[in-house]
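Next, two complexes with chain A in common: one pairs it with chain B, the other with chain C.
Entry: the complex of A and B
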């Protein structure tokens, strides 16, 4: 385990704004750039004024409460993995990060900052460099895990302030390149990895044919656009592009449970970078695609594959962004698995998963999604040696890759430094398998395990259930 | 910014170990990247078949191929891809083929 070293100054402050992808997007005449859904940075764009105007327009009551309620008590410091791993560095504390937008709000909109600005540390950004510095703080030093929010005695929602600030900067094209690239692909293709319809169908067919080589699964289907099913299954594009094993596992379990299910032909991407970039318009666009697909197919419900931010954005936030009535129920696939096990629609033998396994709660599912017991119930049914991690449930530490950080390589060294607290927590379980129900957490935890040389393998719930199947 | 020294050349990598300038790639770089990545004893003919397919696809299309195409072109099963490249198709195979980091939740 590496030693934690205190830092004197915020290590990401000086990273410049990378605009290579933005220039290419402008040169390629992308429709989303042309009609200004996807914003690019304009050095002559009067950005500070625009930022301040937008702040005044977008601020709402709950954000304003979070801006004025902070009493600087410091309780959030002990909640944050960045702060815990950088003792003595105030720039790593949640309160410092929130203060960077708070001081602008106070200077412009709050009476205290107009009358006694020196007293409340009110200040406005003076230049685009200041905005870029703000970008590095809100994108690079916070995984938006909301652990500080949960532990704030005043109810200050720092993660919401971070997302709000990200959204203001996104409007000006002042975003990390990785976030820009994914937003571009979502606007242009409707999914975050620019998977074409042909590639989508081709991969599903490949997985179906592969599963059918098992004589007991010869009648298996991976249906697409089948109307009037019990549910419509939605996935993360990485399951198509790089790792379709999870689609195969799900399809096999659904088949053995005798499920009537379908995938849509469009609107199948349940991930949503609007959540990370703070762009509600993008968030609404992606979520609406999915909700409308479910209506078109007259699906009984929407089932969301194992993805933390996909679960939160599809089941909770997306309806607000899309201004869409929630009239079809939605659930995580882990809840679907629980139903199958409870109703004995599938049979399992828990001795097939004998290695000690622990569970990592995804921030977006446990803290922000209210779902903590179903995965534990399922794991206890399919594993013979389950061990709790501490702290757990809504108090669990982030995998350190949340908030879109996996797509922003420039902030990785700080992220891995801050992961020391996660590594210690994992190591203390003594488990060999770390199960999580989020693709992002899989990658985040894999980075932690590799960096801190822990002898652990990261797995997902579908994988363990599939491994325990008896058929 | 991390770098990699290969036969007297200095190769710039991003913070995740992907090449900053994919045009600098050659087979010696792939071998050095494999050593850095760990988990691969030696690049055998099956590794090279996958790497060369990914490389060719990238030069033509400026993006990473779908894992389906990697498998169907090289005759590798999905399971075997993970055996060959323990970090997976994106963070393992594509990295060794000198591609920049693929976009998105990977």
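Entry: the complex of A and C
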């Protein structure tokens, strides 16, 4: 960046921009590339100018306040798992990461930074190389867990600044390859794992048939496109692709509770990579698909399967991205389970879950979604040995796979280093089962458990409830 | 009291204060030129409760882990800002209500508060120099802010006795620095107090609607009872 003295850089900041997938997408003449919904990198484009113009157009009031309000007090440092695990590396602190966009904002839009930039370290990116460095910082060194935001005395929302910066870079195609690939799949197929309608319907049928082998469940259905139901159930494509057991568990519980429910044929993906890439248009497209499916089916509510960012994007952010006023209530499936238990629509025996179990709060559900008590209430109903993790609820640490980091292989070594905090936290519980209500956290925590050789198994709430069922 | 000191205490301060108010007014208009984002989801919690919680966190050091685990830092914050309040108060009391400083006990109290703030200021300056994490993000504006405040507290300690007959030098310097602050602060990070309410209100409103704020520590499950759409 201009006007900046050279400083020792973290190796992650220097990772190159990989564009193999982008070139292939252009070569394949994908519709999303052709009509410029999915942006690819143009080395001959005036990317710095475009970045600055986008910054000026897209910035909103709360982001502007977060950019001007930071006093560089350093209170956020000890809240970040990257900073805690790299105490000698000042580039790992939340304030350093936020300052990378802050200095550009100051140079471009703020008074003092425009007149005397050196006084406030305001700077403009000099080249695409600087934009690539910025990409590595906002995608590779932050899981957008919002822990620093909740620990900032000024209310600076660093996680939102990181997402905002990601969004600007996504518009220029300056993104990690994994982010490009998943965004491509979402734009092209309407779900983030490119699940085909055949795969989707075939897996549902397979789960239904599998469940029906139990004579007590012979009448069980996994209904698709049934109108006027109590709720429309929405899932994570990972459930179709890698772990359909969770669909079976949900279907079994809904059946035993006597629920009238349905899955949609389209708009079933409650995950949303627009949240991670910062692309509000993608976010709005995916969210709108889902909301409109619920309206088409005249569903009484939308129930979101266990997924952190899926819950946050479907329940909260998606309406804003899609510019869609919420007209149907929505809730996490964990809240649905709680209702069944409270109303005694299902019966459970907690002695069936005797192993010590602890609960990991998904950042997007606890810190950004406001749901911390329901999963604990349910776990206390279905487990005989629940042990709290410390810190917990809104102060819990990220599984370290958040922010879309699981899709960015190049940042994996740094991610696993920063996971030492989580590993110590898990180990201290003495639990054998770590329960979470997020598919992303399942994969993130599995990585932590494997890397740090912890004797633990990662499970989800549905799994434990289903295991405790008495019928 | 010399006409120079009288002029600096009164006319210069008022002019500088008007300048500051004018710049801050423009600044707030500038901030509000950025578009506001309308939340379109149905609320789960109360935005007002979130805002109230968010704004009150300044007096709830146990609410955030960062202050709960660093009580010494929080005490420094309180002492430093009490010193700021005392110094600013002195700029009004000396010219317009000098009898309030007639008692030597009150003068001593002012000096003690500003002395403590001065010590905190020096500590903060050393911390900024010493900590690699802070050094990496510190700008000339950050260093200037803390150095100016240290100088301000030192001059404030000398000025509050309000004894012009013993020498006007410290008082003139104190009021010149005050006027400088009034003109400079809107362009520096010291104006963070202007942004503080906006930052806390925006965050509190968003997280209040979602039921994140006020943060609940107990497993009472009360929030779960407010099941939207049930």
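By our rule, the second predicted complex is superposed on the first by the 462 of 471 C-alpha atoms of A that agree within 3 Å, B and C clash if a C-alpha of one lies under 4 Å from a C-alpha of the other, contacts with A are read in each partner's own complex, and residues count from 1 in each chain.
Here is the rule we use: a contact is a pair of C-beta atoms (placed from the backbone, for glycine too) under 8 Å apart; a residue touches a chain by one contact, two chains touch by 3 or more.
As the structure is a prediction and not an experimental result, all values here were calculated from the model.
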| item | value |
| --- | --- |
| Fit-or-clash call for chain B and chain C when the two complexes are aligned on chain A | fit |
| Residue contacts with chain A in the superposition, chain B compared against chain C | C |
| Contacts of A:406 with chain B and chain C, given as first, second, both or neither | first |
| Touching partner for A:32 - first (chain B), second (chain C), both, neither | neither |
| First (chain B), second (chain C), both or neither touched by A:325 | second |
| Partner chain(s) touched by A:393 [first = chain B, second = chain C, both, neither] | second |
| Partner chain(s) touched by A:244 [first = chain B, second = chain C, both, neither] | first |
| Chain B versus chain C as contact partner of A:202, first or second or both or neither | first |
| Superposed arrangement (fit on chain A Cα atoms) - minimum chain B/chain C Cα distance in Å | 25 |
| Contact residues of chain A, present in both the chain B and the chain C interface | none |
| Complex interface listing, chain B residues touching chain A | 14-16, 18, 63-64, 66-68, 71-72, 77-78, 88-91, 101-106 |
| Residues of chain A touching chain B in the complex | 178, 181-182, 185, 192-195, 199, 202-203, 206, 210, 236-238, 240-245, 271, 307, 406-407, 409-413, 439-440, 443 |
| Chain C residues within the chain A interface of the complex | 31-32, 34-42, 44-45, 54, 57-58, 64-67, 69-70, 73, 77, 131-142, 187-189, 192, 195-196, 198-200, 202-204, 206-207, 210-212, 215-217, 219-224, 227-230 |
| Chain C contact footprint on chain A (complex, rising order) | 7, 59-66, 68-72, 74-79, 83, 88, 90-91, 93, 95-96, 99, 111-112, 118-121, 149-157, 301, 315-316, 318-320, 323-326, 329-331, 335, 338-339, 366-374, 376-377, 391, 393-395 |
